[in-house]
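Input: a single structure, listed below in structure tokens.
To keep things simple, chains are lettered A, B, C and D as they appear, and every chain counts its residues starting from 1.
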Amino acid sequence: MKFGIYPGCSLTGSARDYNESVFALAEAFELEFTQIPDWNCCGATAAHNLNKELSLALPARILALAEKNGLDEIIVPCAACYSRLVVTQHELKKDPELKNRISEVIEMDYKGTSRILNVIEWIDKYIIPQLDAKIVNQFRYKVACYYGCLLVRPNKVLNYDRAEDPQTMDIVMTKLGATPIDYPYKTECCGAGFSISRTDIVSKLSGKIIEDAEHRGADAIIVACPMCHSNLDMRRPDINKYWKTEYNIPVIFVTQAIGQ
Amino acid sequence: MDNLVKRAKELLENKTVQVVIGYEAGPTGVIRPAFITDPEKAGKLIYNDKCDQNLAVYLTKKEVKNFGKMAIVATLPVMRSIMMLISEQQLFAESIVVLGISADGNLLDIADINIMQGYIEKSDLSNPEKYKALLAELNKLNPEEKFAYWQKELSKCIKCYACRQACPMCYCTRCTVEVNQPQWIPVQANTHGNMEWHILRAMHLAGRCISCGECGRACPVGIPCHLLTMQLTDQVYTYFKVYAGTSDKMNSVLSTFEPNDKESFII
Amino acid sequence: MSDFEPKVVAFVCNWCTYAGADLTGTSRIKYASNVKIIRFPCTGRIDFMLLLKAFANGADGIIVSGCHPNDCHYTSGNFHAKRRWIMFKELMDFMGIDMNRITFSWVSAAEGAKWADVVNATVTRIRELGPYVSYKEMVDKSVEEEVKNG
Amino acid sequence: MARIGVFVCHCGENISATVDCGKVADTIGKLKHVAYSTEYKYMCSDPGQTLIKDAIREHKLTGVVVSACSPRMHEPTFRKACAEGGLNPFLCEMANLREHCSWVHEKNELTTEKAIDIIRTQVEKVKLNSALQPIRVPVTKTSMVIGGGIAGIQAALDIANCGHKVVMVERSPSIGGHMSQLSETFPTLDCSQCILTPRMVEVAQHPNITLYTYAEVESVEGFIGNFKVKIRKKAKSLDEKACTGCGLCTTKCPQKKIPNEFEQGMGMRPAIYVPFPQAVPNRPVIDKEHCTYYIKGKCKVCEIVCPTKAIRFDQPDEILDLEIGAIVVSTGFDIKHADFFPEYGYGKYKDVIDGLQFERLASASGPTAGAILRPSDGQVPKNIVFIACAGSRDPAKGIAYCSKICCMYTAKHAMLYKHKVHEGNAHVFYMDIRSGGKNYDEFVRRAIEEDYVNYIRGRVSTVYERDGKLIVKGVDTLLGAQPVEIVADMVVLATAGVANPGAEELAQKLHVSYDSHKFFAEAHPKLKPVETNTAGIFLAGACQNPKDIPDSVSQASGAAVKVAALFSQNGLTREPLVAFVNRTAPPMYSTCVGCFLCQSVCPYQAIEREDFKTRDGKIIKTVAKINEGLCQGCGTCVALCRSKSIDLYGYSNNQVYAEVVALLNEF
């Protein structure tokens, strides 16, 4: 089985740890990846606010490249990239005329045949079945599974898990030996794109997410999105300053939890 | 086709069936239908790419049914005809054994209707390749040209009704053309009446035609009347996404509906 | 062709379009007198052969009209009719029989004005198309053929 | 030889103003087979009708065409007149000269010509009309009411009080339905049990009502007036005649930890049980799924303690065959349960409950004897949140409709809470308050103004537990979409009303349509709200859509009247304009070839199978047959039938063909 992987910008930058853990997992579980050659920006988060065709053309080009290289399944670890790619596939499937127009724009034939997996789906499908044979250390911790907004929304398009109180990451973590806590902040906003421009908002919102996890006695917050990670983790000093707290609960990627 | 002969012989010997409907070579080498009732004569059965008659037409004939349980050499169109006949309650699944023939001419193991359904579903159910070109060509004509074409073709019709007799789906014991109160279709052969007849036939086969092309082959004056039903087969698929003869519980297209059936011409 | 008065036959269902046409009357909305109505219980009752018979007997245009989808007095007759007309139209188009001469419409018992519009639009269109010469010629020729062949 | 009479009406000047009636009558009079043609000012007047009656006798007419207004207006009038004149009424047709000609065209030659064409067409048609007799269908004067909730009870009592027999079939061990679970009812706050139980007893004691509880409809065949129904009486493991209802068995049953359905799982019951103290009939049943004897093969404590030896462990289910003339479906509704609201923690947190559970908490006969106590720890909740529209009007949840009763019962719940917990705070999140109904809005205002219930217009995004409290996060849209967070002790969800489980299956058994939410469909949304598309089957109550008690009861009485009207005569008379499948001499029997495609086009399941058999019973041929009792005469099967074996009286192939020919040809 040959997968395509679309890393996107985060995984080559601020979320290098995510990237490395995904590849480490793949190696350990003997799953071969091919990085989509000549990949480009997925358009998140600005493109779909500015220009609809651009916001579809960018992901369409990525998908067309994957098709061209015979990659039937693409894993997209970044939740924002995942959302853009799936939304594009959905929009172009719905509207053949638009599909033709976009095909012209990207100067490539786009068919929409690739299956797009987020990291949880990928783990569930390919890692979990081999888990018993390969696992060295069970991840025996109380965890708060934080999904963020993009992994499960828009629910009608993604058709993945449920928008309110999603369960897939909790199930995966349970299989890894962890005990997910009852966590109402699973899909609350972390501040997302305000990461750079309004750190005060990020501090306020992310602070609440961390506070509840700490309060419920979680040992770690598990994420599957580089943006969530950077807001909850990288902005921790700002958060602690804002709330006058000293939170130190670790935020780790779901892939890191397996490799631990 | 040793397998076919062996299987037919077996079926007759152990009295699973009383007749095997298949193909044989006539004295002049012309392929013709064979009705084998004696296991010793099973050797006469042949199958090659000239065996293109849709034998399913015999399944509803009293003379054949009187033999008892029937086995039938069945290419894809025959299998699909069988599905239609069962759906329309003209045939019982338990009264036939299907000696399926694959596209490359080999004997298939069709143990029951479900297996046959599986085989049909895997097959290409659109109109046969060889007719597609002519259909496409006709569709390109403008309305006047189309009308002229069909007038010319249908003027040849002699109302022999061979197209009807050859079609497995035309199993009615009394056809509309035999109704004279009112006289729906003129008795005489003339262009207008012929056209009405062929429209009637095509409409009656809408959603039921399994694209075997037998009507066209049967026509002694060479009217491509199979194109009429095949055109509708295409349209049925375009509009309703179904092909006839894919299950023994087919809902006929014209006797069912979906509330959101799409059309664009009703104002 | 200016004095050509087309003959138009309307096949309508009793519960919606016939009643709608009654309402056109009670509302005193005027429309072309070329159209004559045949009443059926339901569009589901309308045999496609009757449309052909109308052309054969000299109609230049036809209107087929019934209840809007979901409004059928018999709950589903019009849905069956709709499928029938889809197939019929496709076959006619394939054979080059002029479907511009047939108007299919849904006219409810409340749409008296729509009925007048449907009739007027159809009559205007048929007037432009002229008499259905090609079909008439075929029919006439066929009669001759018959006479010739005895 | 046909002798047709044509009567041209002037309709005052309505027709004659644009149509030259004299010319019309003259021209028509010259047609072959027209024996008499005349004109008159008002054909529908008494003298006009007399004119027709006299002409029928005088000219020995075999058919009549009244050329006047729309047949939709006066066809019955003139058919009656013809019958009085001695002509079969179905030999009369109308030519619509007014609505379809004189009123819509200008006065000119063409209009008069069109009038002639219209009449000519009807003359040709009427020549082919057949003398028909009205269809008489016998009626079995016993009705069946399916479902013994308040709607079923009302319908049964109304029908029974009209003097007709009623069979009531109830799935559970007692009648009473959801109403018996309710604490108090809006807008009067009178006790539900107090007004319902007398009705339940009346049903049990009414000489015209036969009650089958713990029974289900197995199958329904036949048609209006003549249904054949099979009912499965599930084994109660009890000899009902021997049982005195003393209840000793229920107290001694060792299996006591079964969630009580009547208490919405908030109480426990034994395996042999009476659903609630006021149950009718007040006899226990054994729940075989939980009974130790049925599971493990030993116990039989109930059998040992029973003073009248009424327990029957080996009792089989019983199938009853009934002849029924009309059916009232009143199977009620259900509410959405757990897992539907993960965001509200329903099913996850004990103190998030639904409206019916709250009813039981508030009920004097409920698990807490009427005290509002939270299920988790039995404490009195100081802060309670009610969430209206939990699922309803929420297309994302698949339910776009309004459940109608929730606004009112939520107000009632909040009020009941405030009456019982004076120091407590009640909050209601709502989208809109829909309180249309007599004294309904006043009731809601009372909750707000007199009982100080805090109404917050906005939706709740999530409910979660933290430190033993329920955090309700919502929004107040009247305060500029201000986020609201309430720390509550208990949350009550007004979950959407949905169709009962099994509704779809029952609808299919009854051949009744249902909507995409599995609610039963009425025959017409405005004018036939009680009828279904199957003649003789009527709807009452919330099985059609969520309804409150007054609406259910009104509809039940409406359904009862429909049944009583049907039973008021000895048979049904129907217009004979129905389809028929031809019959010919053997060995053909019919030109029908038995493809039965007509069966799937028929909206009324009116097409049956008829077998022709040899003397020794071997089937020669199976052909279609129309059930005249069910056929409504749409004719869809006629147009579909390829062999033209089906035809329709009144609109036969011959007639419509003749109309087309006549309309287009002058002869």
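In this section, a residue touches a chain if its C-beta (ideal position, glycine included) is under 8 Å from a C-beta of that chain, and two chains touch if they have at least 3 such contacts.
Nothing here was measured: the structure is a model prediction, and the numbers come from that model.
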Chain-contact steps, minimal, separating chain C from chain A: 2
Greatest separation from chain D - chain, by CA centre: A
Central chain (distance from its CA mean to the mean of all protein CA atoms): D
Comparison of C-D and A-D by number of C-beta pairs in contact, larger one: C-D
Separation of mean Cα positions, chain D and chain C [Å, integer]: 37
Centre-of-Cα separation between chain D and chain A, whole angstrom: 50
Separation of mean Cα positions, chain D and chain B [Å, integer]: 44
Length of the line joining the C-alpha centres of chain A and chain B, rounded to whole Å: 55
For chain D, residues that touch 2 or more chains besides their own: 601, 640, 653, 657
Per-residue overlap in chain C, given as positions that touch at least 2 other chains: 48, 76, 80, 84
Sequence positions of chain B contacting 2 or more other chains: 184, 254-256
Every chain pair meeting the contact rule: A-D, B-C, B-D, C-D
Touch list for chain A against partner chain D, complex: 155, 162-165, 182, 184, 212, 215-216
Touching residues on chain D, where the partner in the complex is chain B: 588, 591, 593-598, 600-601, 622, 640, 642-645, 653-654, 657-658
Touching residues (chain side chain D, partner chain C) in the complex: 70-73, 96, 98-101, 103-106, 110-111, 114, 117-118, 121, 513, 533, 577, 601, 603-604, 632-636, 638-640, 648, 650-651, 653, 656-657, 659-661, 663-665
Parts of chain C lying in touch with chain D, wherever the complex brings them together: 5, 7, 9, 14, 18-19, 21-26, 28-31, 33, 36-42, 44-48, 50, 53-54, 57-59, 73-77, 80-81, 84, 116
In the complex with chain D, residue positions of chain B that touch it: 88-90, 171-176, 179, 181-182, 184, 204, 251-252, 254-256
